[in-house]
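Each in structure tokens, the structures are laid out below.
Both complexes below contain chain A, partnered by chain B and then by chain C.
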Partner chain A sequence: MKIDRRSFLSFVIGGAAGTALSPLPWKLTDDSAIWTQAWPWTPVPTDGEASYVNSICSLCPGGCGITARKIDNRVVKIEGMKGHPVNDGGICVLGLSGTQLLYGPMRVKAPLKKVNGRFRQISWDAAIAEISNKLGELRSKGESNKFACISGTDRGTVSELLSRFLTVYGSANFTRTPSIQDSYELTLHLMQGVQGITGFDVENADFVLSFGSGIIDGWGSPVRMFKANSSWKNAGGKVVQIEPRLSNTAAKSDKWIPINPGTEGALALGLANVIIKESIYNTSFVNNYSAGFDKWKRHILDGYSPEIVTKVTGIDKAVIVSLARDFAGSKKPLAICGRGQGRTPGSLKEFMAVHALNALVGNINKKGGVWNLPEPDYINWTELKMDSVASTGIQKGRVDGAGIEKYLHARYLLNRLPEIINSADVSPIEVLFVSESNPGYTMPDTSSVKKAFEKIPFVVSFSSYMDETAQMADFILPNHIYLERYEDVPVATGFQKPIIGLSKPVVDPQFNTKYTGDVIIHLAKSMGGFIADAFPWENYEACLKETLGDRWDKLVENGYWIEPEFTAPGWKEGFQTASTRFEFTSDDINSLSRYAPVKPEGDKASFDLVLIPYDSMRLAGGFIGDPPFVIKTVEDTVLKGKDILVEINPATAGKLGLSEGRYAKLTTPKGSAKVKVHLFDGIMPGIVAMPSGLGHTAYDKFLAGKGININQLIGPVEDSSSGHDAAWGINAKLVKA
Partner chain B sequence: MSTLDDQTKEVTETSSPEKEESSQENASGGFIILFFIIGLIASLLVGWIIFPKLLYSKKNQPIDFNHAIHMDLVEEGCESCHFFREDGSYSGVPKLAQCIDCHEEVQGETENEAVFVAEYVEKQTEVPWLVYSRQPDCVFFSHVAHVKTAGIDCVQCHGHIGESTNLKAYEENRITGYSRDIYGKNMLGYKKNPWDRMKMDDCADCHKEMKVAQSSVQTKKDACFVCHK
Partner chain C sequence: MKQEKAKKYGMAIDLDKCTGCGSCMVACMAENNVPFREDESDKLLSIAWMRVYKLTNGKPFPDTEICYFPRPCMHCEGDHGHSPCVSVCPATATDYSTETGIVSQIYTRCFGCRYCMAACPYHVRLFNWWDPVWPDGMEKSLSPNVSVRMRGVVEKCSFCFHRYQLATDRAHFEDRKELEEDEYQTACTQACPAGAITFGDLNNPKHAVSQMVKPDHKHGGKPKNPKAFRLLERLGTNPKVYYLSSREWVRRSGDNYLKNEAK
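On to the complex of A and B.
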């Protein structure tokens, strides 16, 4: 037998024929086609029973109701709660992405202790014992006032527990992270004599004059503002946006008026000048329910004529006059302020100028106007009994200088703390608790904040996420995240009715985390004495249930409790000033320095441009960082790869020799960064706009290392009237890189 | 390089006697056919016997299950365990919680039962059942539309699994990851019963035959979009 080429070919042909007659080729073809349609690496959601849990989102102070959709025991989607008075079914992109905060890699999974610069897991009992020992030591030295706490809010049971703990321990150094809430509170306090919350009846306003407030960029309660913005469009309401940059809000407004940054207060006073001069103000309100008008009027007529204001603001005189007429001529005009999302308190006098505009048109505590809401009053715990150490500690006062001397009216001045710590030989704070806030990222001049944190010997973070502040802490005692815990959410920023929300556990805690409230109660109990007595509850949930009392059942059922019949106190009862009227000026107000535009840091000779931050719904710039889904939505004119883009006017770019997409070095008195340039006609010449919310160094690989944190480049500017941070930007320089 | 002499020799050889030539051709032709047959048979063996064995992996279920015994004990047939939820969605393979209703303690004396209680009930772990009839994620299939609205019996698609006394091995297509029951046991795709296979054509045939709505209830789109939403 001879096997030759022919035999081989014949074997192959036989094989081919056999193969064709077998299922092999046909099945393989079919299977490979199917394989391409259902890639094995594509995640497939598991099937299971669908259920819904109503809760409240606390990722921002907006207080939206949410409905979490679950499949078996896993949250698969978060939607807006239908019928909720704040957001009625709507949700923002951050709220929508909450599932990634629940299951994502940025969670702190167990209590951690820093040993030789690295975090090690520690048991809850050991961690609490160590912290309790440290606090006991400090107290026995008579230095209880060296204990401080930074909290994201000062409302609700958790922050009340924290501040109660500090008080009974002997420290007045409980502090809240800054926001426009500080300025609005002071404005109400000084002009209306009330300690309350500002609510805006935006749904009923027909002419909204926004001094840089990002109505659809996250100001107030974002979803509510989106809905209000749509309702104005449908009902023929007008929006005038005043800011140096064509933000989304400006783009969607009826009129955008670019203004020299930082001079918004001058414009408000200029508008007041026209309104007064033309006598188009609400005489009924001004004559019968206000005080100090004549004095204020003289000051306004003398100092803020359209001619003068034109020079300061860069806005044409005719525009100022017609804007004043339109505003005063509307049925329900409303002026709002607080730049962007309102994370910086801003200039108090600017807020008062804008509030005075509202008063001129008589829309204080009226339909479509600015309302004064009482502080939530449901937390009524037993009176504290304090020992002598505690009383002595409290008498030593606050480190940040709030409530004394020149900043008599301020309650918290966190912005002053880094400087005070850094300039002292020994840190005046020895133990610091940080709860639901990330000052290491959100505070201006991050490098000095970092330096101050390094100087504080003992920092405890309660963060659920590995954020910048948690990374600097000595202990991380992770709280359950908002989807895993019960918690009262006492207000919705800017909402015009008192509302209490209740966050409910949507799922069981996923990791070895613990209620911050429980940690405080345990700490107090382990310290004994009056401190233990001040916390009679077995645990946080018991405390919360007892505190909410009769409201509990309704809160568990609905997710919120509202006073539907609430209306703002009228003009007669609304003002608790010495004159019982709205005060345009008063002795207190006169004792503050006069309005002057806040000057940005840095000399014009070395820094010829001005850097301003801008906020966007797609970039979470607060305590919470962008989850992966949200960072994916950021346009490549904002973030390209890992590069941040700054916006400059083509005219400015021409002068600097920069073109679209070019690298440049952005320098301010606080530092410098490599950025890319995006040419944008919607930014005034001479200004560089940079998005806030990028440049995280912590969290996870999806967020860290992308772009630049604008707080590295901007420092705080102390408002001479309030002590709060009034920085709206900083002088800067941009050169080719 | 061949010389002139070589070429002459070659010519001489090719012009050898005809008889010899034909016998040589016959022998070589036989070989060719033989090799053709060898190739044919070998490839048929590969295609029909080896290939299916390679294509499908066989896995046993984590524990065995006797449908027949359970069917005798329950009152509502298949739906006693494979029920519809209040919202109309179909529960599919029962969860441990359902089993625990009766199997909190060991029932009967089989070893299988003892393992089930020890490994799953006591440890509160779900049994990782392998689902023979699992369709891929790209297919939208509503049990309630077929069972409740159209009144189709479970057997029509799932066969007589309810009468089985044990669970057969689960065969998974190594390429597609699908259960073999979707393509069917028969490698050519022939089927005798409707439950023998459940590929796209089988769905389409039945929809055509039953003259059901040709568009999706949710999206009103027709053709592919009835099942691929």
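On to the complex of A and C.
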């Protein structure tokens, strides 16, 4: 056959067309994809039987129900529990990342002892024996009061075991980490004469006036608040947010009213002024169920006219007047406070001013109002028998001064502890237990906290995670994490009904960890005498089962126990003050003295700006740090590489010669840090806002070393009425770097 | 199992309710074995099938407003039956299902040319520049229902297609032809604590999602609800993700307009 031009071209074109029409090219691309991508090191998750386990999340005090999805013995997903009264199927970013906390590199995998500055593994028996010896030694010296404990909560069996251990040992130094719970408890105590829990019937409120509370930034039980927020949108409820920065809560509210930071209490009193002057308060409540109104009224009318309050708060007079009218004119108005997620107790007078607003509109213990819940009463252990060492130790009182003299009403004052320890020649605390809390990160003025910890000779951490406090400890006795243990969760923060949750082991403990409850019981048994007698249980699970009694079976089945029919005590029975009425004033703290906004630390001459922290759902600022998934969701206007971005108003930036993304040096009286600048219109000029939850030095490589911990830059400011930390910010300076 | 009638699964996101908390993002990552790296602050490289954007109205203090904007894959249908990504894929690694209305992504077929990423107007497609690595022991958290992606392939939101498969399997086992509305829900819908996401069949007038947005099927599913809008509506991609907002500036930010153009 002769090959000419024509036949050659036919052959080539025909061949090409034929190949293209054949499956060959597609098969080849497909195969090349398979050959070059099916790497043996890409994990192939093993299949197995799927099952679901209901439990309770205790990563924050919100008390949400969770459902863990398991494949054989692995937890592959955490979801919100459908039908749970608090969160009904919803779940937050942290709750969703539970599997990462379970299997992640931040876990402490075995008991550790620090030897020459480095952690070495130690057996449980040896660790408990060493701690028991140390405690025995201290006690035999008659210094039992030098033993202290910091716990994330004072409710529930684990913290009861810890405080019982301290008491029978001979120390009054059991301490809870601070939060707005402290201030709300005091408010209820002084104004209503009750010792109880504050519940907010938010779902039924139709006008929510929030003095900086991060309703959708993690205040209260976060998921429940999200749901309430959506229900207000459906039902036409209104939210007014008062704070200097356009937070997510402010952005989602019906009205955002920027205010000079720290002056929220003055605004509350200004609103009371208008409500009283215009006689639009609830007369039936005020006339029949309150006391001290006339005295308080004079004080308010004299000192808090809108003209005066305008000057303090920077809010227009007309806005104050119309806000007061809207609030008092609503069917079910509710005023709440506690800035952001409520991790700082704040000014007691501010809380009382806001609570007085609730009283003025008569929504205390009413539908849509603030409720008073009884403390959980299921822990009824046998009366303690104490020896003379113990009673002498208890009589020596608390190191932090809570409960006496100036601090009569405070129960715990952890904020005072670092300074007390640092200013003493020898630390007044020799042995410290730390449970379910991370004061080394969460307490203001980190460097002084660190110094205080270094001064305490013997620190024992029960943390499941390698957090900042655990790093500073001499022993780490890791607890099982919430997915591996039984534990009662006695309250859901801010929930309006008594509810008890039960965390259940979703999987077996993954590492060589032990119940903190078991460690305490073992320690007590090894110390003998009345101490051992106070802990008659074989182990923690037996103790928990016995304590919960009849409720146990239902708790195991449902995950929670609720008193569905609970309603708050009425106005007649609800107040246990001397007058049996609601008290607008309290002589105990001299509440009629002039309200003065809490002053931030630092002089205005050298620090011309004000630094405030802000909270976000995507940055866990408490005991637990962000797991990898959560830190991944943080926006690049908050964290870029290892740099934290602070927010300032473009006008402020212009004055300082700063532009978007520029490095700057942020200095406060407590320290300084290199930050990047993010220009944000939603912030008052003159203010610098920094996210809390960054700047960890512990946990894992996904979290550590990113950004700055705002607690390094802010120090505590003692509230003159309560002794609690009332700092809401600090004076600061920002210069180009 | 083939269901009786063709489905058009879609989503409505109520931006008035969305709080920007990020639960949808993490629920998605946990559900779909999405990997994570030490630094995830370069958002062009960070793999998140669902991403929540923060919009502002651009006005100075104190008139500033923020709106959070969750963005999964839009599962475009396209005016001529072509999703932008599907028509450019040389490896048939992505396809539009007329049975469910879902745009699929078959990882083992993808050879990483990233044409689809260039074609997608919504930036929903993400490329695996690195091998996924889980710290020791953390592979235990991986779900067997979703395959782990390898370096060199593109991935994106699948509307949790494996959940659809599980639900249809169950229905088949129980000898049913149709799925109930709550039987197939995406992980983000299920997790959203604000209840801002609604998912269901746009072809089924009984499903909440179609009642909310009232899709006009004669015009590519354009929403009849005046509060509802779709991203870049005028491109003609006919997304199956709808947004609802009571704020005019938010609705307007869903598309590009000339300076003085009336909507």
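We adopt the following convention: the second predicted complex is superposed on the first by the 691 of 737 C-alpha atoms of A that agree within 3 Å, B and C clash if a C-alpha of one lies under 4 Å from a C-alpha of the other, contacts with A are read in each partner's own complex, and residues count from 1 in each chain.
Keep this in mind: a residue touches a chain if its C-beta (ideal position, glycine included) is under 8 Å from a C-beta of that chain, and two chains touch if they have at least 3 such contacts.
The structure displayed is predicted, hence computed values, not measured ones.
**Student:** For A:Val115, is the partner it touches chain B (first), chain C (second), both, or none of the two (neither)?
**Tutor:** In the superposition, A:Val115 touches no partner, neither chain B nor chain C.
**Student:** Scan A:Trp41 for contacts with chain B and chain C and give back first, second, both or neither.
**Tutor:** So A:Trp41 only meets chain C here.
**Student:** Of the two partner chains, chain B (first) and chain C (second), which one does A:Lys632 touch, if any: first, second, both, or neither?
**Tutor:** second
**Student:** Which partner chains sit in contact with A:Ala126 here, chain B, chain C, both or neither? Use first/second/both/neither.
**Tutor:** After superposing on A, A:Ala126 lies clear of both chain B and chain C.
**Student:** Which partner does A:Gly104 contact after superposing on A: first (chain B), second (chain C), both, neither?
**Tutor:** So A:Gly104 only meets chain C here.
**Student:** For A:Pro23, select first, second, both or neither according to whether it touches chain B, chain C, the two together, or no partner.
**Tutor:** Touch partner of A:Pro23: chain B, not chain C.
**Student:** Is A:Ser32 contacted by the first partner chain B, the second partner chain C, both or neither?
**Tutor:** both
**Student:** By residue count, which of the two partners contacts chain A more extensively, chain B or chain C?
**Tutor:** Of the two chains, more chain A residues are contacted by C.
**Student:** Looking at the overlay, what does A:Val426 touch: chain B (first), chain C (second), both, or neither?
**Tutor:** neither
**Student:** In the superposed arrangement, what residues of chain A touch both chain B and chain C?
**Tutor:** Overlap of chain B and chain C footprints on chain A: residues 32, 34, 37-38, 42, 44-45, 47.
**Student:** For the complex, which residues does chain B have touching chain A?
**Tutor:** Counting only chain B, the residues touching chain A are 28, 31-44, 46-48, 51-52, 55, 85, 87, 89, 91-92, 136-138, 173, 175-178, 183, 187-188.
**Student:** Going by the contact rule set out above, which residues of chain A touch chain B in the complex?
**Tutor:** 1-4, 6-8, 10-19, 21-24, 27-28, 31-32, 34-35, 37-38, 40, 42, 44-45, 47, 49-50
**Student:** Can you list the residues on chain C that touch chain A in the complex?
**Tutor:** Spelled out, the residues of chain C in touch with chain A are 16-17, 19-23, 25-27, 29-31, 33, 36, 38-43, 46, 48, 52, 54, 56, 58-62, 64-68, 90-93, 107-111, 131-132, 134-144, 147-153, 190-196.
**Student:** Which residues of chain A touch chain C in the complex?
**Tutor:** Within the complex, chain A contacts chain C at residues 26, 29-30, 32-34, 36-39, 41-48, 69, 71, 74-80, 87, 89-93, 96-97, 99-100, 102-105, 216, 222-223, 226-227, 229-230, 233, 246, 248, 251-252, 256, 258, 510, 617-618, 628-637, 639-642, 649-651, 680-685, 700-702.
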